[in-house]
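Presented sequentially are two complexes of chain A, the first with chain B as partner and the second with chain C.
Showing the complex of A and B:
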C-alpha cells in the first residue's frame, strides 16, 4: 500500500525509527491543548523549555559519544560534581562567578578527557569506564560536601543563568537554543561532524581512511564533559545551592532524550534536533501530567513506557539493516 | 543497553554473605518484669533483655562504664556497620556521621556504607557487613519489605540490629526513631497552625511527596491528615514529587501553572522545600502570605526560617542525637544489658519564634 503511495515500507520504518516519537509528542501536545487551559500559555511553554534546558544541553555531549558507538553514564554525576565545584569556589573561596563557572566547566572537560583516555588508550568499554567514573565522582561529591547543602549569598550572582530573561525569553532557554544551533552547525557543516558520523558508522573504515579515531573519541568525551560542566553550573544557578545528590536524577532523562531522539545505540546515525525535541518532550510529559492532575504515583510508569517505546523503535531500525 | 546490563550485573556480583555467631536477645512482654540483678557483680547474661512495656528515651540508652567495657570485649576485632538511608541528604549524613563520631569517642570501630537511597543496595550492604564480621548493624531502613529477609538472615547469624527508622519493626535489636507518621503529623500541625494564624484558616496547599520510598509516603499521608485536622478549610490541590531540590522546584513550577493560587507548601523534607521556595519566589509570591514547612531542620532551613519570609518552619528530627543513641544502643546490646526495645527520639517544631 505504501509502495503504491510512493513510500517504501523500509523507508517508512526508518522514518518512524528516527521520528516516531515526534508523532507521539504532537499527539500529547494536542491532548494537553484540548484538555487544559494552561498548557499553551507562553508562561507554561517557557516553564517547560526552562526545565528542558539543562538536560538538553548535557544530552548534546551524550549524543556525541553515542554517535561514536559509545555511552557515557557519568555525565549526570559529572554535572553534579561540576556544580559543587562552581558553588564551593564561590561560597567557600570567594572566587568570582566568572572564574568559578569557568573552573567548573573545565573540570568537566578534564574528567571527560580522562573518560576518553580510559576508553581509547586503556581500552575499557565506555559504559564500564564511565560507570566507574560515575562512582568516583559521586563519592568525591559526597566526601567533599559530607551530605550538607552548600549555599551562600554569592550564588545570587549566577541566578540570572537560570532565572534571568533576555527580553521575553528566559536565559536558560536562550542558552539551550544557542548550544543547539552551534552543535547543529558543528555536526552538519564541519569535518569534525563528518568524522563523528563516519566513525560511528564504520570505525575500521574510518581508521583506514586516515581518521584519528582515538583522538576524535577523546575529543567527543571531552566536549561531553565540558557540556556536563556547563550543565552543572546551570543547575547550581537553578537550585541556588549545591548538594552531593544534585546530579543523581539527570542520568535517566539525559539517556532517554538521546535514545528517544533516535540516536542509534550502535552509533553513526541520528539528528541533533531530535535530541532537543525529545528533551522537551520528556519535560512536557511531567508538566502535562501535573496539569492533568494525574497521580504522582503513576508518573514513573509513563516515563518507563516511553523509554521502552524509544528502544523498540531503535530496534526496529536495526532489524532493517 | 546490553553493555549497561552487563555493567550493572558486575556491580551486583560484589554482594556476598557469611554467618557469625552471637546470642539472640530475650524479649520481655509488657507485663513481665525484667530479672532483678544482685547487688554484687552479677554474671553477664547470655543475651540482652529487651523490654517492651514502654517507649524508651535517650536516657535509657546511656551506657555505664561496665557496659562499655563489656561491649568492647564482645566486639573484639569486629565492627559496627552503619547503613544510613543515604549520605546525600544532610539529615541522614548527620545521623551517620554522629554515629561514627560517638563510636570513635568510645574507641569502637564503625564503618558506613552509603546505599544512595536504594533499598536493594541495603541488602548487599547488610550481607557485606555480616561477611566482614560486624556484630551490630545500625540501619535506616528504606523499605522494610525489601530488607526484611536480609535483616532476618543477619539476626539469625547473631548480628544485633539497631534500626533508626520504623522502630516498631526492629529485628533482633533496638528500634530508635522518630516515626515518619509523627514527623508528618508534626509538619501538618505546624502548617495548619501557620495557615490559621497567617492566612485566616484558608489556603491552597501543595504537598511535596517522594513516592519512591514507602516510609516517606507515610509522612505525606500524615501531613495531609494532620493538616486537615488543624486547618479544616484548606484546599489540598495535590501531591507533587519532591525529596530533592530539583524535583521540588520542577514540581512547583508545574503545579503553579495548574494552580497559580498555591500559597502553602508542606514538604516531606527540607531539601525538596528549597526547590519549592525558588519556584514560589520566581512566581513572585508575597513572602508575607506564603508558607513553606519542611522536615529535618537542616542548617540551611534554619537560616531561611531565621531570615523570615516564606520558609515558615521545619521539624527537627534530631539527627545528631539519633546517631549517638544508635551507638549507645549497640553498646547496650553487645553488653547484653536490659534495655527498652523501642526508643523514641523527641521531635521539635521549629519556627522563627523558637530559634535563638
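Showing the complex of A and C:
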C-alpha cells in the first residue's frame, strides 16, 4: 500500500508544482550563461543578489502571513512609509542612525500589529484590511513629504547598509542570508513555526487543539511589519533619500516571489528556501533581460506571464485533492 | 384506495453496516404516512433513496403505477417526489418570489417573466393559506416557520404527488406547528400524499394515518395510527441487542472535577445542570436537534453560552480550547476530518501539537527526540496502525484518525476528556477498541463526558446519563438502573408513563 517503488503521477505533479519554477530558473540561467559573457561574472551575480535583498527580506513576512492563509498587500507601502520615518528622523530631527533605524523598524511592527488586529479581532478579510492600510500609508507618505524628496548628508551614515562590503560580500546580501537562515530555523524547528504550519493547514482543528490562533496571526502580521520596516531602512540607504513613492516598486515583486516560491494561496504549505530562490529568480529575469538588451516594456510582460505560470502550477498541485 | 408508492424488498449497505435490510411497505394515495425509528434505524437512508440521492443495492420501487428508480434528485423531482429536508434549501438573499420559482422560472427566450413569477408565487402561497408572507422580502428575513412554508410552496410549483418531510417541526413553536399541520392536512385533502419522518410521537398521533417503524434497518411494523399506542411504538423502536460485550465499568469514583450550573445558550439549550467525578463516564444524549452536540461544544468554548457557569476543580472556567488545554481538559470533536485532526500533517505532529510548548527549550526550539518519543508512546499505547510517524494523517483509516484525535490529548496528560460521537462512522472492530479505551481511561481516574446518540454505547459505558429534549434537561439517569426504553422515553420528551 505504501510501496516506495515508482513515483505516482500525483506525486510527480506535486514535485513539479512545488519546484517547477526552479527548473525554469535553471533553464534561464543556462540560456543567459551561453548568450552573454557577463552574466556569470561574480560582480553581476552580486548585483543580482543585492537587488534581490530587499524584496526577499520583506517576502519572508509576506510568506508568514500567506502560510496562515492570508495576504498582506500593505507591505510595500509600509516599506516606503518606514523608509520615510527613518530618513526624516535623521535628516529633520538629527536622530542617530541607530535610533532612527530602530524607530522605522518598530513603526513597521506597530502597523503590522494593527493589520493583525483588524484581521483577527475586527474580522476583516486580510486582503481588504491591508488594502485599506496600503491607501492610508501611501496617503500619509504623500501628505508628510508633500511629494518632495527628503535628502541630507546624514544619510551617508547608513550608506554601508546597501553599498558596504564584508570581505567580498555586499552587506545587503549578507543580511539577506542571515534573515533567511534565522527564519529557516524559526519555521522548521520552533513552536512558532509548527503553529504557523498547523494553523495554515487547518485553522479550526488547530484552535481546538488549544493554539491561540488569533495571537499567532497578530504575531505573524507584526513580524511582517517589522521586516517591511527593515526593508524600508535598506531602501532608504540604497536611494540615499526618501520619497513618497519609494515603496511602490516592491508591491508585486514581494507577492510574486512568495507565490512563485510555492506558498499555497490557501495556506499551510511551502518552503522558505523556495521563496528566496524565487526572489532571486525574479531579479535574474530583469537582470537577464537588461543584459540581452530587451526593452523595459517587454520585461513587464514577461514578469506577468511568469506570475501566471506560477499560479497555474499552484492550482495544478491543489486540484489533485 | 391505491398505493402511490410501494417499496419492495429495498436493501442498502454501507461499509460495515446494513442501513436498510429488505424493507417493503406501501404509501396509500392521499394519506399521511409517518416513518419513525431511533437514530440509525435507516430513516435517512430510505429518504435519500426516495429522493434520488442514493440508489438501493436491491429491491424495486413503484411510484404512481410506474417503475421508479430515480438516478438523481432532479429525476425524483421530475417524477413528482419532493423532499423537504431539515436543513432548508433556500437562497437567503433572494426574494420569496425568486425562491419559490427557482429552477422553474417562467421565461421567454431566457428573459424572466417577472409578472408570471409573482402571480405563480402568490397563487401557491394562497393555496397554502399563507398570504401573509411578503412576496418581495428576502427569505433570510423570514421566520423559520415562514421559510418552511416557502420551501413547501417551492415543492408545489412542480407536479408534486408525494411530499417527503424530514423532522419539519424541529425548529418550530407550538402555534407554528399547529399552522404547519393545517397546511399538511390541506395538502392531503388536495390529494397530495405525504411521507412524514419524525422522532416526535405526539405529532404522529395528531397527524398521521399510518405509521411505519424501522429498527436497525429493518421494517418492524406498518400499522394504522388508530390501532396503535405510543407505548407499542416505543417498544418496537427499541429492543435492540447490545452488540458485543462492553468492558466492566470503573468502580472507584473520585471527587467531583467538573460541574455545570444553569447553563443556557439562546442557540441550543437551557437550564443544564450536571457534574462529573474523577473516574466517571457521564453520557449526554438526546435526539438530533436536542441540543446535546451544542452543549458538548459549549463546554469547550466552540458554542456560545449566554448564562450559567462551568466549574472546573471548584474554580469558574470560561470555556475556550486554549484554557481547556491549560487545565488538562481534552476534546475529541464530532467532525474528525475537519476538526479532530490536521490531515495534511504527519501523525507525529498531530499527536504532539498540544504538547509542543512543553517539548521546547529556550527560544521555542522543539526537542525533536522528545517529540518523536511522545508520539511513538501514544501510537503504541493506542495501537494506532500507521506505517510510520511521518505518515500524513489523511492516509490513515477513519478509526485510526479517531485514535490520533484522542492521542494528542492523552499525550498532554489530560484529566477530563470530552468525546462527541466518538464511534460515528467507525467500523465495529475499532468501535470496541474505543470502548475499551474509554473504560481504561476512566479506570485511570480520567473524567469522561461522552456525547452520543447510540443508546447501546451509552448504556454500556456511562455511570450517569444526561438526557436532553428540545434543549431542556430531561433527566439525569443512573447508568446501571436504567434501560433503553426509559432513555428513549426521555429522549422523546415523554416524562411520565401516563402521557404516553
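For this structure, a couple of remarks:
Note that the second predicted complex is superposed on the first by the 316 of 321 C-alpha atoms of A that agree within 3 Å, B and C clash if a C-alpha of one lies under 4 Å from a C-alpha of the other, contacts with A are read in each partner's own complex, and residues count from 1 in each chain.
The rule is simple: contacts are C-beta pairs under 8 Å (C-beta built on N, C-alpha and C of every residue); 3 or more make two chains touch, one makes a residue touch a chain.
In this text the structure is predicted, and so the values were computed from the model without any measurement.
On the shared subunit chain A, the superposed partners chain B and chain C are arranged side by side without overlap.
Residue contacts after overlaying the shared chain place A:239 against chain B, while chain C stays out of touching range. Legend: residue contacts after superposition of the two complexes on their common chain; A:82 is shown touching neither chain B nor chain C.
Between chain B and chain C, an angle of 120 degrees opens at the CA centre of chain A in the superposed model, to the nearest 10. Once the two complexes are overlaid on the shared chain, A:163 sits against chain B while remaining clear of chain C.
Look at A:207: by the touch rule set out above, it reaches chain C but stays clear of chain B. Comparing chain B with chain C, the partner in contact with more residues of chain A is B.
Of the two partner chains placed around the shared chain by superposition, chain C is the only one that A:269 touches, whereas chain B remains out of contact. In the superposed pair of complexes, A:74 makes contact with neither chain B nor chain C.
Of the two partner chains placed by superposition, A:154 touches none, neither chain B nor chain C. Once the two complexes are laid over each other on the shared chain, residue contacts for A:115 go to neither chain B nor chain C. After superposing the two complexes on chain A, the shortest C-alpha to C-alpha distance between chain B and chain C comes to 19 Å.
No residue of chain A is contacted both by chain B in one complex and by chain C in the other.
Interface residues of chain C facing chain A in the complex, by the touch rule stated above, are 300, 302, 321-322, 324-326, 331, 333, 338-345, 349, 353-354, 356-357, 360, 363-366, 368, 387, 391, 395, 408. Those residues of chain A lying in contact with chain B across their complex are 36, 38, 41, 43-44, 47, 50-51, 71, 73, 125-128, 131, 138, 142, 146-149, 151, 163, 235, 238-241, 243-246, 248-249, 265, 286-287, 290-291, 293, 295-297, 299-300, 311. Across the complex, chain A is touched by residues 1, 3-4, 6-7, 10-11, 86-90, 92-94, 96-97, 114, 116, 209, 211-212, 238-241, 244-247, 249-251, 253-255, 257-258, 271, 274-275, 278, 282, 298-300, 303 of chain B. Remark: chain A residues 1-2, 185, 189-192, 194-195, 197-198, 201-202, 204-212, 268-269 touch chain C in the complex.
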